[in-house]
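First subunit A sits with subunit B, and in the next complex the same chain sits with subunit C.
Right, the complex of A and B next:
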């Protein structure tokens, strides 16, 4: 059973991403929890880059797929209250780092599978970021307990992320006037809506079932030598390589890759920041979307922080582009690492977990 | 020595770290968690270490008993 899930998840993410590109998404841009969210931020007017505005149905599918399965499986549980404001900041930092690399770690795997060798630098940075984050965890870092909302208005807060995804879905399906749609550039390149949605739903459902988390995979290996999630990444990579080779979209090298640059130091440090912040927030950008769908308001605040991070990144000219990383982005990454480390040191509240000796 | 850990509501992977640390100096550990991800992680970890694991789920909370 485990192997079926591993292979199904890997194929849906890996091959699905290639098919989404084939159907209209920009290169190596089938799935990305950071860039796609940045495009949603653009569609909502959180940033003003006219070429990066589209409510990506893949992201809505992640949230709704996780919500649907959690709800039917009896695992939907409204919960929260574990320092949502700090999580908001960590979410923003994750995306600021990811937009310097130009992708979340999932897109890092997909970029590498398209032959973009900058993926190696980025993923190495991510792995080091996760390793650094676990040092803070071992040092006692925690954001306190989340509590289940069993009654009252808090119970409904657990539905907010899924409800927002549904509203956005109606908006994108009806080409609503309250959303922005890019007329040109990457935001104008997208697969047909229903294909993106179905791919997102399938991927979201499987990510929910496998508890897939890009930082979690590395973290579990470092902490207890568990390789379950790492196996999924290998299958994602292999399926995407196979798809890219089959469609002729595999192009090996560092230069001239779609939505990518070759500033190695900043590719490394960008995802280093994402990895570090992800461990402190309890999950990578993808996992936060999934947990928000299954009722965690803490994860929902992290996702809201990710949207804000996209706004900050583009507002301060800190996001990279194919031309490279602006000075603002370099400053933002270094400052972001310092802030994340400060959070890692500051929140070491002692929690009594042992009930009896 | 036996220990009981209340790991409800803690973000991943703190429940796993606390479990591992507790098992370093206890022969048996009883764990209470309230989310599926840490429950599955802890059970997987304990089985990989060849510990005996019993798990019961009731009302969204899981009680896991691990014996070396």
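Right, the complex of A and C next:
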């Protein structure tokens, strides 16, 4: 059963991403929990970059797929109350780092599978960020337990993320006036809506079932040598490489890659920040979307922080582009690492070790 | 070698830090344990670690951890081995 799910998840994400590009998404942009959310932020007017505005149905599918399976499986659990404001900040920092690299760790793998070698430096930074985060975990970092909402208004709060995704889905399907749609640029490049939605639903359901998370996978390997989550990403990589080779979209090299730059230091540090913040927040950007769908209001606050992070990034000219990383982005990444480390130090819980009589 | 098909018992903790501390305390007390990611049967969250134990060791482990001041969330939850796919 384990291998069936691992392979199915890897194929849906890896091959699905390639097919989404073939169907209209920009290059190596089939799935990306950070950049796609940034496009949604643009559609909602959180940032004003006219070329990055589209409610990506893939993201809505992640949330709704997780919600549907959790609900039908009796595992929908409204819960929250574990320092939501800190999680909001960590979510913003995750995306600020990701928008300097130009992708979440999932897109890092998809970029590498398309031959973009900048993925190596980015993913190395992500792994080092996660490793740094585990040092804080070992040192007692803890945002406190989430509490189950078994009744009252709290219970309904668990539905908010899925409800918001549904409203956005209606908006994008009807081309609603309250949403912005890019007329050109990456925001105007997308697969047909229903294809994106179905891909997102399938991927979201499987991501929920497997608890897929790259920061969690690296963390579990470093702490207890558990490789389960990492195996999913190996299959994603293999499936995406196979798909890119089959469709002729594999292009090996550093330069001239789609939606990418070659500033190696900032590729490394950008995803370093994302990895560090992800460990402290309890999951990478994709995982936060999935958990918000299954009822975690803490994850929902993290996702709201991710949307805010996209707005901050583009509002302060801190997001990278194919031309490179602006000074604002360099400052934001360094400041973000400092702030994240400060959070890691500030929320430590020590154990009062009983002394022998 | 661990029999993956066999049922096992776990103790869970408020944080990774507590789980790592528990591992040391239990090792010092001579109780065999392995830290594992929290089984999905215990909740959707994947943020923590659990101590995997044999059934006969659960009560002793809980007592040792209580004496050492290591807080626990769930003590001795049975996980069905055959239902575990990870």
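In this section, the second predicted complex is superposed on the first by the 348 of 357 C-alpha atoms of A that agree within 3 Å, B and C clash if a C-alpha of one lies under 4 Å from a C-alpha of the other, contacts with A are read in each partner's own complex, and residues count from 1 in each chain.
One rule holds for everything that comes next: a contact is a pair of C-beta atoms (placed from the backbone, for glycine too) under 8 Å apart; a residue touches a chain by one contact, two chains touch by 3 or more.
Given the structure is predicted, the values throughout are model-derived calculations rather than measurements.
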item: Touched partner set for A:349, first subunit B, second subunit C, both or neither; value: second
item: First (subunit B), second (subunit C), both or neither touched by A:147; value: first
item: First (subunit B), second (subunit C), both or neither touched by A:283; value: both
item: Partner chain(s) touched by A:139 [first = subunit B, second = subunit C, both, neither]; value: second
item: Common interface residues of subunit A - those touching subunit B in one complex and subunit C in the other; value: 75, 77, 134, 137-138, 142, 144-146, 211, 213, 216, 220, 223-224, 226, 228, 282-283, 351-354
item: Contacting residues of subunit C [partner subunit A, same complex]; value: 14-18, 20-21, 34-37, 40, 43-47, 49, 67-71, 73, 85-86
item: Subunit B residues within the subunit A interface of the complex; value: 1, 3-14, 16-18, 20, 22, 34-37, 40-41, 44-45, 48, 60
item: Residue ranges of subunit A touching subunit C (in the complex, touch as defined); value: 1-2, 5, 70, 75, 77, 134, 137-142, 144-146, 210-211, 213, 216, 220, 223-224, 226, 228, 282-283, 287, 291, 294-296, 348-349, 351-354
item: For the subunit A and subunit B complex, residues of the former touching the latter; value: 75, 77, 79, 82, 134, 137-138, 142-148, 211, 213, 216, 219-220, 223-226, 228, 281-283, 298, 351-357
